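All chains are identified by letter, namely A, B, C, D, E and F, in their written order; residue positions are counted from 1 within each chain.
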Amino acid sequence: MTMLSDRQQLSYIAAQAADARLNVELETEGMTLNIGPQHPATHGTLRIIARLDGEQVVWAEPSCGYMHRGYEKLAEVRTYPQVTTLVNRIDWLGSFANEVPFILAAEQLMEVEAPPRAQWIRTILFELSRIANVSLFLGDLGVQMGAITPVFMAFRDREYVLNLIEGATGGRFHPNFDRIGGLKDDLPAGWVDETRQVMRKLRNFCDEIEDLLFGNEIFQSRMRGIGVIPADVARQYGLSGANLRAAGVDWDLRRDQEIALAYDQVDFKVWTHPDGDCFARCWVRLQETREATKIVDQLLDGLPPGPIMAKVPRIIKVPAGEAWVSTENPLGEMGYYVVSQGDLGPFRVKIRSASFNNISVVPWVLRGVYVPDIITILASLYFILGDIDR
Amino acid sequence: MSGLASGTVLVGVDGINVAKNVGFGIIAAVMIFAALCVVTTRNVVHGALWLVVVLGGVAAQYLLAAAEFVAISQVLVYIGAVMVLFLFGIMLTRAKIGADSDLNNRSWALGIPVALLLLGVLGYVIIDGLRDTVVPDRGPTPTVLLSDGYLGPYLVPFLAISFVLLAAAIGAIVIARKD
Amino acid sequence: MPKVPGLIKGLGVTFSTLMRTATKGANTVQYPHEKEAPPLRARGVIALREDNCTACMLCARSCPDWCIYIEGHKQLAPPRRAGGKPRQVNHLDRFDIDYALCMYCGICVEVCPFDALFWSPEYEYSEPRIADLLHDKDKLGEWMETVPAAPELEAGAEKRK
Amino acid sequence: MSALLAFEIPYWGQSLLRVLGGIVAVLLPAGTIVYLFLFKMMSFMQSRLGPMEAGPYGSLQLVAEVGKWLQKEDIAPAAADQRIFKMAPIIVLVSTFLLVAVVPFGPQAYFTDFSAGIFYALAVGSVSVIGILVAGWASANKYSLLGGLRAAGQLIAYELPMVLAVVGVVIQAGSMNMQQIVVAQNTGAIFGFEWLGNPFVLSQFVGFLVFMIAVQAELTQPPFDMPIAESELVSGYMTEYSGFRFLMFFIAEFATAGVFALIASVLFLGGWGVPFIWFGWESLSDVAWWMNLAGPAIMLTKMLLLTFLMMWVRFSYPRFREDQLQTFAWKFLIPIALANIILTAILKVVF
Amino acid sequence: MLAVNFLLLSAVLFSIGVYGVLARRNAVMVLMSVELVLNAVVLNLVAFAVINGSVDGQIFALFAIAIAAAEVGVGLAMVLLVYRNRRSIALDELSEMRG
Amino acid sequence: MPSRSSSVVVRLSETPDSGETAVAALPGDGLREAIVDTLRAALGEQLIDSHLIPTTDLWVRVHRDAWLRTAEVLKGAGFDYFCFLSAIDWMPSPWGRGEDDPNEPPPERSTELQWGYTGGETRFQLLARLNDVDRHVAVTIKADLPDDDLVVQSWVSVFAGANWHERETAEMFGIDFAGHPDLRNMYLPGDFEGHPLRKDFPLLARMVKPWPGIVDVEQMPTADDDETAPGPSADESTGDTAS
């Protein structure tokens, strides 16, 4: 395979910066374009204020907060089980994945560990929510690029995954299935077989998207070499997930940390891409979706029997202490810094959401690009508004 | 256009085509009104749109004069390209919506006598010289004649024009480029 | 091997989807005419078995957004056995759930120690007026008919209580 | 003149019939395209059924939609240039109606018979640019203005390859008259196989491709829909339009698609001629009268075939970026079209 | 149809165009007035071509149209350049020679 | 189809080489202790305290004057991945969980500050976390800020990504970051008063609506209530008890 050389990347960045500088120096009267808060491309209520020179962005700054719900404050007046239902709503497309790190942090403080079966089911549901989340991203990518069909395919196949999640947890979007010490319930009969079938469908969906979108020359010409984020910038801004791996940084919390999930039991590949451009980010996500279906298949094969709940008191009081647990969520690293003072609820919860960091790089990366590329870059960075504003 | 040029139309006593004259009169009146609007309007985009009306009227007059090819070229070049270019330029230079107060220069009133004088002289010459000339009612000009003209006696001017166009295109790009 | 251009492949994908939909039918459901059955565990609406409720307030306390309103008073119930002493029970005067506020988290169903609250997969209860989404105990009691039995568990599961 | 019917009708009656015919010839394809492709084919390509409630299989959905649009309030933004804002969609729609005027549907079934028919079509097709441009400007909206500017740039850029693609056909047919082009195709011969005729799609395949790509761009359809790119410019120049003025843009979009497909089928697919059969007619006056009735049906079929292609691409492809679009036109399509012209001219002289 | 009709119309257009060129301050408006003048001339060309029954006038009309297109292209490019550098396209502000 | 000159096609069937390196061994104590040692060497007295949970996590508390220096030192030591930056208000909330009876005076609550790992001295404590992506290790950094001088040096010069986190912290806790380029509000309107994540900032949603659980079961019905009590169950009852 071939890749963008470092020199090409650097020259692209330098050219972008030089263009932007030139425009500032010429003091051309720019047009200020307000993208959002109700713009179709911002899937949510993100607002991008961009000063343009012609169609080129001189300066851009996202303005968030249109969806700030103050979960860190809300969590302070709620008990641990109640917080679980709140954090569901942070990244609403992969909501089960939001519960897991919080519950794990609480478990770490209580020094309990969920039984193996619960860990496996947690991992399965975690990966299912990743598939549900990222498959919608893959379809939405098409809409951002002007192709209407992929999003319907994404909705079609995501529906199967949501049905699975609903069948197991009872909630399509907000499962609230995780409990400190285990899970609320075991899987219903027939769920495993159904999941295997759905995973086949999802792999087929990935192939379709690859043919329809990723293989399309127009798509590639719009994605390649656009919005390059080099590895050191990605690290400085704390980019995570596919955005980081697309910059060539081989870091995946599923593999790289010891955590009470069943990832050490399965064999999977962490996909990276050396380019760091929009295409790399999307491509890594596509591969990760495929990889996730394989992880689910492996986990289903080895699902251990046993209880799904460890012994925990009925009324949960978490001992005093501090814990940080983060997991590799669909959007990237999602972590909770939980401070407990031995109460029914947490004393302070710092929610480190992936999108907040991912989007904070936007002013850097948008400098000097063209208006259509704003959309490409935003789409490829992939954010959920709830995940930025929390 | 065969329908307009050779259709069943009212024919006047002296062979003058009444319907054609009426059509000419209406179109001419619209054109003159529109042309006056072009030079008096206070909004640049409105001016451009009035100019479109004038140019469309010119094309219609060409049809009346049975110059079919020229008429279509007029539409294609003027309305399809030149006017779009004008609107483009106007919008790129941030045309305001609403009236613009300083479209005229300070000595605009001087233009009126000059124009009237010119009109008087031209009108006198035309009426004096061509009072009785009648435009013969010929069918539409075959396009073949035009193309034979281009590739025959006028080949050199044709090539010259082509070079001028090319040079203009390059020049326009060079002038308008930023760097 | 000569590579098929992505442009052509993309056309192939849409065309095959077109043919599949034309021959095998669409993936969508024509909603008001046909309905998909939600899974047994689906959290559609909360049903109340009023007899079991002791107005212990546990659900109202554990609700994250305070959408359950309970009022009750104590009264004497007839004795279980003839000749016994009359029992003192909590009588439920009011049990409202405001579905305009409810987050469908299910904590109330889970914490109920007397099996008075159940999930029903019923979902068609939208209202034109938001105030009508406050279901009182009679309405919540009506949902009891739609509560399904808990589903069988997958192999390897341990039976709980 | 075009005596569509055997008996004599007065001059004003003929004009009225022509206008009515023109309206039918514009609206009927537009309606068919919208229902068949926008509602049904797109839905099927996305594994869904599309509208199903209004009429059998949703066949009356379009009527319902038009009714909905017509009863909506005619809103213009307060800052807009009201008169121009309201005029713009009419300009666009008029351009479509002017286009259909030269399309022949049969040996005598046409509206006008221009000697430079195809040249006329290309000329009036460019008028819609002005409507789009002023629509974008008059809306007093930055997205609209950007959309209008993009649309104008795009339409001008793709007019050129379109004209150049047509030139190949004109050289081969030896006429700019649409009827003559039809006859030339149906009486033509490929390597002596006279019964096959010579639809120019075979000999002018490159021209056909360039023409269809340019048509796609002229219609601002994906992959060339930057002027109305939803994810970038909301709806471009249409952003502020609502009610029946939006409906006019909508009709103009699909009617123009239909009319361009009609023109393409005249230029490349043999027009109203039955494919591969010409019954040995020598010239236009020989053609049997029933072709006037069969012709429109054949044209409609060919139009549907071409619009199917256009819509298929539309629903499958992502869009270009603005600069890529210009690059594509100037560095790829125009050179190819020029090469095609030169090749055609050489072959025309040689054979 | 009298030839005078065409010629008088073109004379009127010509005069209006001249007035526009003299009175307008906005560069684009001046260019538009120039277009009026040019069209008046081309109308004359065509009219004389028809009167004399030769196609030469039409051929030159087409030449003139092509030249007009070129002229507008260059003219607008200059206007854009001026606008970019000076934020204004008022002609009377362009009197100074320094850039 | 023209493609951008700078772009080169990666065939989709192939994968860019992600480096088939074996999973790095998870670090143990020695690694984290070495980090503390590095910090101590660089900061000396200004490293106030550290806390280490073996194989899990590492906390250090530094003097606030060394806040920026800590970031530089850690970045030099391989911690070049910026995870987050925030703060903690250690004051116990004067509002409780919002479940008080609105009719009663609020109950007595402890106002004693109780610090977590690595202790503390003041109410506000900065909190930040840096990762070493290659060694799979992270460190949480804390620094105390005195109430009367909530200023600290900004990290933006070291980690550009700290920009938004500092803006958020400034807005939520009222902490000033010296040297930050643009300390505007992120979420709240510009003229918003107060700092929402401070414990003494009341959560209005809980203030305006009384807790439904407050309606006490023990509240005894009167005779009027009995008459108005709906439902057939009232008939079955043998009578109200007055207790």
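Throughout what follows, a residue touches a chain if its C-beta (ideal position, glycine included) is under 8 Å from a C-beta of that chain, and two chains touch if they have at least 3 such contacts.
If you're wondering where the values come from, they're calculated on a predicted model, not measured in any experiment.
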**OP:** Starting at chain C, figure out the least number of steps needed to reach chain F through touching chains.
**Re:** 1
Subject >> Closest chain to the centre of mass proxy, which here is the mean CA position >> reply: A
Original post:
For which pair of chains is the number of C-beta contacts greatest?
Top reply: B-E
**OP:** Provide the C-alpha centroid distance between chain A and chain E, rounded to the nearest whole angstrom.
**Re:** 60
Subject >> Approximate Å spacing (C-alpha centroids) for the pair chain B, chain D >> reply: 28
Subject >> Chain centre separation (chain A, chain D; CA means) in Å >> reply: 44
**OP:** Averaged over CA atoms, how far is the centre of chain D from the centre of chain E? Could you give it in whole Å?
**Re:** 33
**OP:** Would you pick out the residues of chain A that each touch at least 2 other chains?
**Re:** 78, 149, 153, 156, 212-221
Original post:
Do you know which chain E residues sit against two or more other chains?
Top reply: 84
**OP:** Pull out every residue in chain B that's touching 2 or more other chains.
**Re:** 69, 73, 81, 88, 92
**OP:** Show which residues of chain D lie in contact with chain C when the two form their complex.
**Re:** 41, 43-49, 52, 312-313, 315-317
Original post:
What residues of chain D sit close enough to touch chain B in their complex?
Top reply: 1, 11, 79-81, 84, 112-116, 119-120, 122-124, 126-127, 129-130, 133-134, 136-138, 140, 145, 148-149, 152-153, 155-156, 159, 176
Subject >> List of chain B residues in touch with chain E within their complex >> reply: 16-17, 20-21, 24, 28, 31-32, 35-36, 38-39, 44, 47-48, 51, 54-55, 58, 61-62, 64-67, 69-70, 73-74, 77-78, 81-82, 85-86, 88-90, 92-93, 100, 102-106, 108-112, 114-116, 118-119, 122-123, 126-127, 130-138, 141, 145-146, 149-150, 154, 157-158, 161, 164-165, 167-169, 171-173, 175-176, 178
Subject >> Complex contacts: residues of chain A adjacent to chain C >> reply: 78-79, 81-82, 84-86, 88, 117, 149, 153, 156, 159, 163, 166-172, 174, 176, 184-192, 208, 211-220, 303-309
**OP:** Mind listing the chain D positions that touch chain A in their complex?
**Re:** 42, 45-48, 142, 146, 222-223, 225-226, 229-232, 234, 315-324
